[in-house]
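Take a look at the structures below.
Both complexes shown next keep subunit A, but they swap its partner, so subunit B is in the first and subunit C is in the second.
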Partner chain A sequence: MIAHEDLRAGLRGAGLAIQVGPFVVRLRSRLDRVERSVALFYDRQLLPLASAPFADFHVTLARPLGLRSVWRPQARFFLDGRSPFRPLPLAHAYPLFEWGLNWCIAQHAHDFLMIHAAVLERDGRALVMPGEPGAGKSTLTAALALSGWRLLSDEFALLSLETGKLVALPRPVSLKNAAIDLIRDRHPQAIIGPSSHDTSKGTVAHLKPPHASIERMHEQAAPAWLVFPRFAAGGQDRLQPLDRAEALLKLVGSSFNYSVVGGSGFEAAADLIEQSDCLNLEYADLDASLGLLNDLAGGPA
Partner chain B sequence: MTRPALAQLLAVLAEPTASRALSLADWDLLVRVARVASLEGRLQALIEDAGVLPDVPPAPRRHLHAARILADRQHAMVRWEVARIHEALAPEAIPVMLLKGAAYVMAGLPSAPGRQFSDVDILVPQAQIQAAEQHLFVQGWVCEGYDAYDQTYYRQWMHELPPLTHMRRKSVLDVHHTILPPTARLDPDPELLWAAALPLDGFPGMYVPGPADMVLHSATHLFHDGELENGLRDLADMDALLRRFVADDSGFWERLTARAFEMDLSRPLYYALRYGREFLQTPVPDSAFRALAAARPAPPLLALMDGLFRRGLKPHHWSCDGRLSGTARWLLYVRSHYLRMPLHLLVPHLLRKAAKDVRKGKRNQAEP
Partner chain C sequence: MSVSEEYFALIPLPAAHVRAWGESVVVYDERCGETHVLQPPLIDIFQALQEGPMTPATLFEYLEQRYDATEGDLEDAMQAGLNQLRQHDLIRVSPESRDA
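== the complex of A and B ==
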């Protein structure tokens, strides 16, 4: 473990090396919010700099200079000295780090088929849940991760083009709006960071991944279930089989880099479909849907 | 003064087996420098060809591999675009000459593997450029995002149409009628280019420039037209082309230098060979420099240009920048515009462009 003073010194100096699944992020920042959130969420993923001479992404979060920063403080994301997007209000510095890291991975990690999906695992078998924003994916993911499933990823599934297995990317789960209190009430022991209000996604707070998720981040998991959740307020929770061809189309439609990886991405997606039960989930009540998903894996964990 | 990461990149570009000597910490910076220079995919191809890719540690190898996947994808798209351009223009008997990256890929030249690029550049005869625009329009290429001033600027003063974007595929196509603006200080004759062009197998009516012209065009683009952002990438293109053409034709150096004078492009060629030898150890014989003696700038000018190009050709990465890098790049930018147009046209244009950039800069960045 790295002491907090060292963490602070690292962030403000040569950078802090963070192991995020298959990637090493070298992060520099003088922003207190970033420091606090990194200390809270990534304390178990820090590497001594000497053991991480190569980093995949060199990220800096900084306040832009200029007169405007006096009355409207902002935070800007830099990858290796270049800033790919507009600054955000300083209060959103930490979500900006997470979003920026998504961008870095999506731009560069073409040894994976990258899919906008949550991934959880039980007994070596992975549940892949692609979902449109608003489908309730993060709430389901958080609830599953806090009740016995191992979290591989909240919204960024990495399907290895080499092994055909899912690779973990343990990062805080991004909870939005009502889901924040819902999870806090159900799981008082869960570690949830401060809320950022009025972001482009509403109010956002992050849930720290459980220990097992971090300790076992280098264990890959074979796909077993591909479930497309759809939030249907007031409806009845149910799982319905989905035609494989349609599942394949929906899966590649959720991919960030399907068009880049081409043929090998198609093969990997088709293999995933081949190995998985493909299902649609109509999701209205959290407990009812959790029950359905647990039953897939042979009952509550 | 060359800083270590750039020196290592240049050493690996010139001799890929040198990559075996790199530590992980070396790779950490080298990958980033190669990335901003658009040379990451090229680096992968060179290292793979030399048979030493398995010796690259897995962490940097993954990034080189990803860049190669992206480049291969771009190449597949370029082949597709070229076939669509052929469909649009061949029935109208409008000849098309592919330039730069598209030519390297379609002609299977050694500068192609791993090369990254975005736009397709083509040349059509000036008399047919309007017809070409119309037939490309029918197939979905439109000119969008350019205001009336830009449109007039391109059509009146430039050697190309404003860039065309395909409506559905969003691919960008640059249609030229010659290789430099009509107002430029140098005046290469496009007729000569057409006369020496080579037909492209499988695409009747499509051509690539002859070997010497291919080198001259790349040199002109870099050293006269001032596209320096990917300067080192372009030097690497020419290095690969020259090595191949010299191997195929022992008289190539004489042909190239004679052609440079014939095309009025001897000065850009002189710079290309000078900095190719300096940066990438391109094997240019002294006889070629002797043949280009008349194109060599006078000593005071050459000293100045050395000072500018040695800075401007480096990758635009903080680790390669010295105190004067920004100034050198700015002066080279001004120079390229000065070479492109006489001052009475240039000054109003630059003022107008600057005002527009200030307004646009604030709008253009993406939301995270």
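== the complex of A and C ==
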């Protein structure tokens, strides 16, 4: 843990080094809201300022210059001094950091098959949940992470091409809209940051990963369950077996870099399929679906 | 006399790029990055050709042992399957020369 003054000095100076799973992010920013969010969410992942580790990503979040910034303040994301995106309203500076970091990882981390999926673990066995937006993935992920499962990732499954295991990327879980109050009500002890309204995803607030997820970030997990959730309001919660070939196509369809990593990506994906129970989850009621997922691992954690 | 007869052969594929799962065979083609899912009767043709190159006649005999179908239906299914494998570029058709 580093003192808040040091955190501020680091952000405004040479940059704070943040350990995010296998990556080191060096972040610079003079934006107060970025400073507050980093202090809240990443306080246990900051590397000592004295050490100057190699950083995978050099990120800056700053206000663009110009008259426009006076009457409509904005935040801009820079990677290695270049800005790959349009600026967003200043109020969305922290979500912009998280989304920008997603982009950095997706563009560069080709030692992994990267899948748009949540990953959680119990007893060394990983549950991988790819999901379309609106499938309820983040809500399920948050609820599982707050009830005994170890969170490896909310958005990015990193499947090591070397070991075939899932690598943790502990970052705040992005809760959207109704899920924010739902999780807050069910888990009053959960650390949820301020809401950012009117983003491209609606209202967004981030949930801090539980300590165990951060402390065990270097532990990989073997795939055991591949579950595709689909939210079906008013439906019946159920898990149904999914044909392996279909599961593979769905899995690689959710990958950011399947076409980049070639045959080794296919082998990793196919091995994951062979090691996992492949299932569709029709999800209507959070408690019922949590029960089904917990039963996979032998009951509640 | 020399007789030339066409035969079909699978393109070489690493074993790790072919997975047989129940009623499906999944094939990854490294040359183009395509992932193909083959289902019956295509998988029977594919699996037959995994044993080695075959002429249409030997392939037909192989399928005949596995399917209870009329000769005409089986021939149609075999041709359709071969066409599909050709479209996926997973087989080569070559002339075979042998002394008769």
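Convention: the second predicted complex is superposed on the first by the 297 of 301 C-alpha atoms of A that agree within 3 Å, B and C clash if a C-alpha of one lies under 4 Å from a C-alpha of the other, contacts with A are read in each partner's own complex, and residues count from 1 in each chain.
Throughout what follows, a residue touches a chain if its C-beta (ideal position, glycine included) is under 8 Å from a C-beta of that chain, and two chains touch if they have at least 3 such contacts.
From a predicted model like this one, the values you see are computed outputs, not experimental measurements.
Aligning the shared subunit A places subunit B and subunit C next to each other free of steric conflict. By the touch criterion defined above, A:Asp111 reaches subunit B but does not reach subunit C. Legend: residue contacts after superposition of the two complexes on their common chain; A:Ala178 is shown touching neither subunit B nor subunit C.
Contact with subunit B, but none with subunit C, is seen for A:Leu88 once the two complexes are overlaid on the shared chain.
In the overlay built on the shared chain, the residue A:Phe54 is in contact with subunit B alone; subunit C does not reach it. In the superposition on chain A, A:Trp99 contacts subunit B only, with no contact to subunit C. Note on subunit A: of its two partners subunit C and subunit B, the one contacting more of its residues is B.
Shared-chain residue A:Glu267: touches subunit C; no touch with subunit B.
By the touch criterion defined above, A:Ser259 reaches both subunit B and subunit C. Touch criterion not met for A:Ala301: it reaches neither subunit B nor subunit C. After superposing both complexes on chain A, the closest C-alpha pair between subunit B and subunit C lies 7 Å apart. Comparing which residues of subunit A touch subunit B with which touch subunit C, the overlap comprises 259, 262. Those residues of subunit A that touch subunit B in the complex are listed here as 24, 53-56, 58, 77, 80-86, 88, 96, 99-100, 103, 108-111, 200, 259-262. If you check the complex, the residues on subunit C that touch subunit A are 14, 16-17, 19, 21-22, 24, 26, 28, 30, 33, 35, 37.
Across the complex, subunit C is touched by residues 243-246, 248-249, 252, 259, 262-263, 266-267, 270, 273-274 of subunit A. For subunit B in complex with subunit A, the residues that touch the partner chain are 23-25, 27-28, 32, 35-36, 57, 59-60, 62-63, 65-66, 69-70, 72-73, 76, 317-318, 365-368.
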